[in-house]
Every structure is written in C-alpha cells, then in structure tokens.
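Every chain is named by a letter (A, B and C) in the order it is written, and numbering of its residues begins at 1.
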Amino acid sequence: MDFNMNLILGQMVLGLVNGVFYAILSLGLSVIFGLLGVINFAHGVFFMLGAFAAYMLGELFGIGYWPALLLVPLIIGALGLVVEVTLIRSLYKLDHLYGLLLTMGLAFAIEGLIRITFGPQGLPYNIPDSLRGAINLGFMFLPYYRAWVVVAGIILCVTVWLVIERTPLGAKLRAATDNPQMVQAFGINVPVMLTLTYAAGVALAGIGGVMAAPIMSVDPAMGTNIVIVVFAVVVIGGMGSIFGSILTGLALGLLEGFTKAVFAEASSTVIFVVMVIVLIARPRGLFGKMA
Amino acid sequence: MLDISKLDAWYGESHVLHGLDMQVPEGKVVSLLGRNGAGKTTTMRTIMGLMGKVRGTLAYNGADLLKMRPDQVARKGIALCPEDRAIFPSLSVHENLMLPPIIAKGGMSVDHIYELFPNIKERATSRGTQLSGGEQQMLAIARILRTGAKFLLLDEPTEGLAPVIVQQISRTLSEIKEMGYTILLVEQNAHFVQGIADVHYLIENGNIVDRLEASEFEKNIAKVDKLLGL
Amino acid sequence: MTMADTKTMSNTTTVATTGFQPLGFSPARFWLMVATTLAVIVAPFVLYPIFLMKIYCFIIFAIAYNLLLGYTGLMSFGHAAFWGMGAYLTAYSAANWGFGFEMALLMGTVTGAVLGLIFGWVAIRRTGLYFAMITLALAQMVYFICLQAPFTGGEDGVQGVPRGTFLGILDLRNDWTLYWLVGAILLAIIILSNRVVHSPFGQVLRAIRNNPNRAKSLGYNVDRYKLYAFVMSAALSGFAGGLKAIIFQIATLTDVSTIASTEAVLITLVGGIGTIFGPVVGSMIVLSLEHYLAPYGPWVMFTQGIVFVFFVLVFRKGLLGEIQDYFKTKL
C-alpha cells in the first residue's frame, strides 16, 4: 500500500470526475425505475450514444462541444421517446424483469450497430479550446476540462434534484411514482409523463456522454462498462432516493480514486465490495426508501 | 347528471357488477350503501375509468364515460376521493393539495380551503402521510375541491374515524352540498348518510337491490341494517 | 398501487398426469427425450463433434440456469461467475495439479457450489430486480479479480488442459470417445433435471416461484430453499464450465465475463423459461446463430440484441413455451 498524499488527493480529484458520471447516470436510472418500474439496462448505451452523437455532430456538421451539449440531449431524448413508445410501453403490465431483458437486448443491439458502423476502437474527441490547460492545485495539475466536468456535473445533478423535490412538476413525478393510477384519476395524462420521463432520463445520460467524450474517448464499449458500476451505485445508494444517487455516485467516485492511489489492484472492484458490505449491513441501501 | 344503465364490470375473470342502474342528478347527494365486497368501490372505479372490462351505459351530462381514460373522465369535472384516501407519501400536505390540476373554473381557492380545513393549514409542510386518519380524510376531500370538479365521488369518507371527526366531516359535506356540488357517497355507515343524502341506493353482490328517497329511509331502516349485515 | 402487475415469468400450464411415466417423464417429454437421444446419436455424423459438445455444455449450463429462473423464479445475471470459475478451476487443477478428468470436474462443480453459496447468501436478501442487479455486480467483481489474478493467466487464459481418461479406460484425447461420453452425460443430466423439478423439493421451489408469501405461510423457510436452488444451479454451472474447459482444453476470461451470463439468459429465454427441453432447443438455436455469424464480428452482438428484444416482445414464453401453450402440454 502506498500512502503518498499528493498522489491520493490527485487520484481522488480524478475519481470525483468519474463520480460525476456515476451520479448523473444513477440519477436517471433511479428516476426511470421509480416511475416506470423498468431497470433501464440501456442507460449505459444512451450515455455512449451521447458521446457518439457529439462526435458525429463534429465530424459531419462541424458542430463543436458547446452547441453539442445542447443538441445532443434533444437528439438522445427524441430517441428515448421513440424507444419508450414503441418498445417499453408494452411491458408495464408484465413482470419487471422483462423490462430488464428488453433494455439489455436493446443495449446489445445498439452497441452492436455502433460497432458495425464505427468499428471497435475508440474515436478521439477534442477538449474544447476554451477549456484547454490546467490549473496548479499544488498536489496536482488539474486540467480545466475536468474541473469543468465536476462543477457542471454537480450543478446539473443539483438542478435535477431541485426540480424533482421542490417544484410542482417534480411533485407530479413523485406522486406518480407513489400512485400512478390516482394521479391519472386527477386528470394528469400519466402515460405521457412516463414517456417524457424516460426521454429526460436518457437525455441526461446523453449529456453525460458528451461531457465524457473528451476524457474517455468515444468508444462503443463505454456504455456496458459503466452501466454495471452504476447498478452497484444504485444498489448502494438505495433506489428511490434522488439525493442518495447523487451523493453515493460522487462518494464512490472519490473512493475509487482513493483506492487507485493506495491499492491500485482493487480499484476496479472496490465499489462492488462496498455493495456487498452495504447489502449485508443495510439491505435497502444507504438512503433507500423502499424495503 | 350521471346516468348509469345496465352497467357490467369485470375484475380480471370475475364479473363484479351486474346490470347496474343508477342516476345522480345535478346538485344532489346520492348514497350507495352496501357491505364490504358489495361492489361500491368497484362502481366508483368504473365511473373513473379505472376498471378493465366494462359494458353498458355510463354517461355524464351526455358524454360517454366508458370510452375514456381516467384523466379524461377527470377533465369532464368528476373527482374521486378514494377509500384509502391515497395521500401521496412523497409529497408534503401542501403539495398533495396542489397536485390535482385545475380542470374547470369555479373550484375553491386555496385560501378558502385552508379556512374550511384549518388543521390542514397548520400541517402544510409536513409529509402527507404524517397526518392523522381524520386529517388525511380532510386533505383528500380538500384536494378535489380545488380542481373545479363539480361531481365528487366520495368512497367511505368516515371509515375508521372517531365519531367526533365523523361529525366534522358530516358538517363539511353539508357545507359543500350547499355550494351546489353533486356528490355520490359510498358508505357502510347508514346513520351518516341518513342526514345528508337525497337518494339512497342499496347494493349487494354487484346488483342494485333498492332505491330509497330520503323520506323513505327512516321507515326502511331495518331493511338497510340487514343489507349492511348489522 | 403499482404500475405493473407482477406476473410470474414462467410458463404455467396445468395438465393432468397420466400413469405412463417412463424415466419419470410425461408422455410429451418422453418423446422429446427420445428425439434428443436420437439427435445426439446421429448428429456427430453430420456436424463436428467439438461444435456439438460446445452446444451440450451450454445446454447443461442453461438447464442449471433454468432451474433457478424457470422453477424458482429468480433471475440471476451473474451465472458466468460459476461457469467461468468452474472452467478455470477445472482447467487449472487438471493442467497444474495433475487432477484426472473426474477430479477436475468435481473441482469445477465444488467451485461453482462454493461461489454459489457466497453469492447466494448476499443476493438472496433482495428479490426481483435488485437480485438481478446484485448478481450482475458480483459477477463483474469476479471478472475483475480474474482479470488481474496471476493464476488465470490473464488474457491468455489457462492453457494446456489435458483431456485425461474416463475411469482410467477411455482415452478422451479422441474427440469421438469424448463426444459419446459428453453426450451420455448430457442425457443423464436432462433426466436428472426432470426428476429434480418433479421431486418434492422441486415442488416447493415452484410454490415459492408462484407465491413466496404463501409458501412462507405454509411453513417453508423460503430463503433457505432459494439458497439451495441457487447453490445447485451454481454447482451445475460450474460442472458445465469445467466440462467445456476440458473439451476445449482452455479456460479464458470470456468464460467469466458478462457475455457468458447473458448467453445463459438468452438461451433460456429463446428455448422457454420453465420448460425441461427449452435449454436444449435454445442452445441449439443460439449457438448455431453465433457460430454462423462469428466471421462477421459485431453482427453477433447486434443479432443477440435483436433476438432478445424480439422474444421479449413477441415470443415471451420462448419457443417451447409457446408450443407448450398451444398444445396444452408441458415440455
């Protein structure tokens, strides 16, 4: 074990960047599961598609990072809308596990398609010029881009949290998660709400993909790689808690970074180990609402 | 006016409503009395569009409700206060109150509602489910008064509540009736409906077995008690 | 009130049992068994024995998986851990510790069982979706450990696994000899799985699948039965993986990856969840599809995805499941 303070802090800051992606993705996954009852295995693939969309916008139309940040969620959201209406909607009356199977199949089909089109290797995506360079934090040089990801990511998560927990729109979402039939009996078109929620959830993943593109390189496997970790984050945080997803995602990113500095071999498994511990000590997760 | 004629409903494979005939005239309070499992709640749910398979005639002011989704039924001006109150646990009391959208003009203002139900106003920021049973019932009724719905479906509003609260609800309902609302009141408590309903329907095993005007109720109280298994 | 009604995923058809129960099979299943036996006998003259043996290993894997999903109602997404670790331990013990065929397979089976006990003990605390997610995450953990552990040989895998001999007599280096042995093992396991499913133990599992609360109120320790089923499923998966390792004389990272887990799910879904012969049909189809698409690389993944989506939307009960319903008989 290696206890070099600079290294530890440095890796933790980098880990926080990963944590932001975990938070953004587990947030969307949690909301979609809460309202639709579907475990969206395809969530990772929408993350990946976000990155590819940014890449394609750049290659085909010369559209850069900043406009992509606004356009990609619309594109991914539209895709999500189509997916929910055509595929997922028919599953609501069935056992929840069919949703997982369908979205898993969808994830494979989409990833396969991307691999067929682009090949298996990662494609490069450049850091936008305005964010080049790094800042000297003393214990490390922190690239401006990564600092941006952390700040913007956290602001994004907090904004989503605020909308869900503190606005009337969010109240409708929460109520529909509690009791969709009753919400519909009050005059709210719940099926439309479900569609828009799915679209919004995956659009969020898409934004994450754009932000990840300069860091992770645009890679067909980036979806499936991250989605399993996000599942673990959600199990640890507890499904049903937006706040739990965000906090747990960030915290686990930090933990991953710490482990990388101190005990590198365990860094890819540490989150799963934490999951096992949490499952034994507190099965419903750290912030979980449901038993 | 709600017009029900030869209404059949199924819950999965079981045939739960058999050829129901009922009218609820505008501005009147109509009660639907019966035991547990008689089909009272099923009738409410069928009106609201929450049941699966239905057949017959179900019209409100001429509009055919059978073809409608629940949200469409609601937007015709019908509101449900369900048996379990359905207070949303993830919402505060105030959010619960404000959740149902305004579907027509003429609903009560929030201020007026808080005047009518002061103990809800006190607890406005608490979680909806932290209220007592009586307070939750008040909240469930208050919720639907805001929307502008003119036809209220109240499913066993007094169930499980202390006599003092039941009296309060009775008073509240009288006030609401004065304001011109049309109410379909489902109950097992014969005494409660006696003072307030204009017409009583008796239901057993998914069939309407009798219809009594308010004036006839007292005379037939023995029959009513028998129906309710008392 | 919830948005979705939780319906059991398994194909539940009821049929009156007749008196004729050869080998413990119902009449319909008996004929399927005959057909399968004939297929096993005839197939190697038409297709490569090695390819067939691969299918048979996956059939056994799918039978193990189906025991858990179809008959106990638990969907695991981490079965690759048992299959893969069974493969690794069988391979390693045969290659480096001089274990013979039987001992090496036993090693794989025990590995599966032990891992199943650990996974099961952690995962059984939750049900449904959480259970699936937890098993997926646990298997991923095993994958990462195998990725780094020296004994697995990393990207190269454990190589040089000897075929050995069976009971000291049959030389398994001969593909045909091995084939007949593996074929016999397959047939024996199908018969065994049918007996387990219809045993009192199997009936309790099905009761748990259909209505866990009711089973509990009848006095059954539901969690303990789930754990038994889980360990059995894991052990058989380990056995299947070990068998594959000996046939191909190698164990690799692919065996512990998510790919292997989803293979088991796909095969069971295609063949028919909760049917005895579903795994047989499912394996044949899925593996043949993959074999013929293999030269086209990513088309395999794409096709798997499409097949998943198609079956979930249209043929939810799988091929035998749908046929079973149509003819009102259990397969």
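One rule holds in what follows: a residue touches a chain if its C-beta (ideal position, glycine included) is under 8 Å from a C-beta of that chain, and two chains touch if they have at least 3 such contacts.
Worth saying up front: this structure is predicted, and the values here are computed from it rather than measured.
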Treating touching as the only link between chains, describe the layout with one word: line, ring, star, complete or other. line
Of every pair of chains, which is linked by the largest number of C-beta contacts? A-C
In terms of CA centroids, furthest away from chain A sits chain B
Could you work out how far the Cα centre of chain A sits from that of chain B, in whole Å? 43
Taking each chain's centre as the mean position of its Cα atoms, how many Å separate chain A from chain C? 32
When the centre of a chain is set as the mean of its C-alpha atoms, what distance in Å lies between chain B and chain C? 54
Where in chain A do residues touch two or more other chains at once? 179, 181-182
Within the complex, which stretch of chain C touches chain A? 1-9, 75, 122-123, 125-126, 128-130, 132-134, 136-138, 140-141, 144-145, 147-148, 258, 262, 265, 269, 297-309, 312-313, 316
Contact set on chain A toward chain C in their complex: 33, 35-37, 39, 87, 90-98, 100-102, 104-113, 115-116, 120, 179-182, 224, 228-229, 231-232, 234-235, 239, 265, 268-269, 272-273, 275-276, 279-280, 283
So in the complex, the part of chain A that touches chain B is made up of which residues? 168, 171-172, 174-175, 177-179, 181-190
Show which residues of chain B lie in contact with chain A when the two form their complex. 48-50, 69-71, 73-75, 79-80, 82, 86, 88-91, 95-96, 98-101, 103, 143, 147
